[in-house]
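My questions will all concern the structure given below.
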Amino acid sequence: MIDIHSISTHCTCTEFVGTAVLDTIGLVISGIDDTLLEKMNIGKKYHVLGLFSSRTGAAGQLTAMDDAVKATNTELLSYDLPRDTKGWGGHGNYIVIGGHDVSDVRHAIELALELTNRNAGEVYISQSGHLEFAYSASAGDVLVKAFGAKPNKAFGFFAGSPAAIGLVMADRGVKAAGVEIISYMTPSVGTSHSNEVILAVCGDADAVKEAVLEARQVGLELLIAMGSYPEIPGTPYL
Amino acid sequence: MIDIHSISTHCTCTEFVGTAVLDTIGLVISGIDDTLLEKMNIGKKYHVLGLFSSRTGAAGQLTAMDDAVKATNTELLSYDLPRDTKGWGGHGNYIVIGGHDVSDVRHAIELALELTNRNAGEVYISQSGHLEFAYSASAGDVLVKAFGAKPNKAFGFFAGSPAAIGLVMADRGVKAAGVEIISYMTPSVGTSHSNEVILAVCGDADAVKEAVLEARQVGLELLIAMGSYPEIPGTPYL
Amino acid sequence: MIDIHSISTHCTCTEFVGTAVLDTIGLVISGIDDTLLEKMNIGKKYHVLGLFSSRTGAAGQLTAMDDAVKATNTELLSYDLPRDTKGWGGHGNYIVIGGHDVSDVRHAIELALELTNRNAGEVYISQSGHLEFAYSASAGDVLVKAFGAKPNKAFGFFAGSPAAIGLVMADRGVKAAGVEIISYMTPSVGTSHSNEVILAVCGDADAVKEAVLEARQVGLELLIAMGSYPEIPGTPYL
């Protein structure tokens, strides 16, 4: 019978890169099996795959990966938004990137883990619900593919749960500054049935940041009105 | 850096109406942003929106909103059933209503919050699963749109989780009284992949109530057989 | 008002068969209501239905039911994979079987409950995620319908959450032995938005078992690297 306690927490698997907050793990497969690659529906260009996934969070990690892919010779191949958050009302994430060189891909995953720890500063989780914010001064390929961001333009994201909070955040964010809506998601449309309204916006950097900050302010006020203060799995950076 | 503890739990946002059990919040937007309204796919008739959402519960809140809309000059614009219940196997809800007058919409949301506290008396949550029941002597527009209820006829709803319990409840409820099945939902059909079988029925008021009570009796017996007594976030009223 | 504490935990409902780990309940309806049967979309061949569902687990229970159906004069009519696992990133299950004889169906459900307790030995649940494994030396009708298994051939199943762990398990499992991929599932494809990558394989019995054991080894190493040892709701049997 297998004795799980004989397995060390200091992982020596070749695939293991590291972990981050929000139950995030980063991995690299240096030569994916051909029959498996075929099933993955991500093309056959790359055999070196970087894998990244979390139980909680989506925009923070996709924004982290956006920066990581920009900084390395890698490419986004797929992303999924499982309905997760460990009992809360939102998403986790599962992201696959590809590259030709193991060290490139490994470096991208390392960067994404590091930036996930930073971006987790804009996740707020109370007993009643949660809020998530993301901001990028210059969206890259990952944010373009995931949320319809415009290349090299500022990108802002705000999600609120229970969903009604998210709609007030969306309304206040859009009214606060001249930004353009690029994604609008609800429990039935664009999410995996999460209990969120989500808005992604683009525009001038100052306007986008102002929209995110306004959405954050009203979102926190409403979430706290539900009776408990949120915990923050990082340090707010916006 | 934002100091979340500087935000009061006594919300002064103009949008805030109130909260209720089951992590429910009620909000009003008095003049929704036009670009956001366009994305919402709810028509352009109303600029005053009432928002209502909960982490846990669907039929109780939709029945509450049915009564609230009937009593005010408002209209249901959309409803979503996120996969939520804070780690349990069911749904939360996200409901949007519209009106021409802020005080009408605000009053509808207030009523829906109040009735949600009452209807939560027919939600039963144990360590293993949950049951939800709803009954209306005379279905209005919300129950017609959400569950195919027949206008002004009695409406009954019973949901059980794990799903197998829900099917026995459905079978017993239908056999107990001459009622007509108007909605039948399973994890794959009609739900957001919740772990429930759900039945909604219509018919004569006495028959519908008898069906609901029979479903409740067998549902409770089976849920309690799984090893723990449920908690009830209100006072049973049926 | 109903007094739930007047209801005994020793259920005397005629439908009740028993319970098993992972919040599993087994039930039999000896003569399903005709109008309900019509809505169920499972044909009209059988009026005796066996019901089986759990909050947590899918492959273990479907493999249990595969053996139960093989051993009795019953047939799989439907299976659903709700997004559940009580706050974790995977599925529960809801399985309906049919038969002509109440004692046959009851016996099948009893067997499935018993085998679920055994199969739960290959479910590993940590603070960060979970793993599930299943193996059958000879797949029957249930595994054929649920996962595309080949009749009478060995069947192996491995699921990992967060999803990235599941892909490494898939890659290692397939590389370890000459097995054929029969199902590949991700949060977006084939699951109910669970946070898993799942692989089902077939082939020679020794090769399939080797693939499952290799996937289990790397899966446990990665899950434990996330910081906590998993709990096992049974005794590992592979």
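The letters A, B and C name the chains in turn, as written, and every chain counts its residues from 1.
By our rule, a residue touches a chain if its C-beta (ideal position, glycine included) is under 8 Å from a C-beta of that chain, and two chains touch if they have at least 3 such contacts.
Predicted model, so just to flag it, every value in this text is computed and none were measured.
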If I superpose the C-alpha trace of chain B onto chain C, what rotation angle comes out, expressed in steps of 5 degrees from 0 to 180? 120
Residue numbers at the chain A-chain C interface: does the shared fraction exceed half, giving same, or fall under half, giving different? different
Can you give the whole-Å distance between the Cα centres of chain A and chain C? 30
Taking each residue of chain A in turn, which ones touch at least two of the other chains? 83, 87, 192-193
Chain A contacts chain C in the complex at 1-2, 4-5, 7-13, 15-16, 19, 23-27, 29, 32-33, 35-36, 39-41, 49, 51-55, 80-84, 86-87, 92, 94, 96, 192-193
Within their complex, chain A touches chain B through residues 83, 87-89, 124, 127-129, 161-165, 167-168, 170-171, 174-175, 180-181, 184, 186-189, 191-197, 199, 216, 218, 220-222, 224-227, 229-230, 232, 235-236, 238
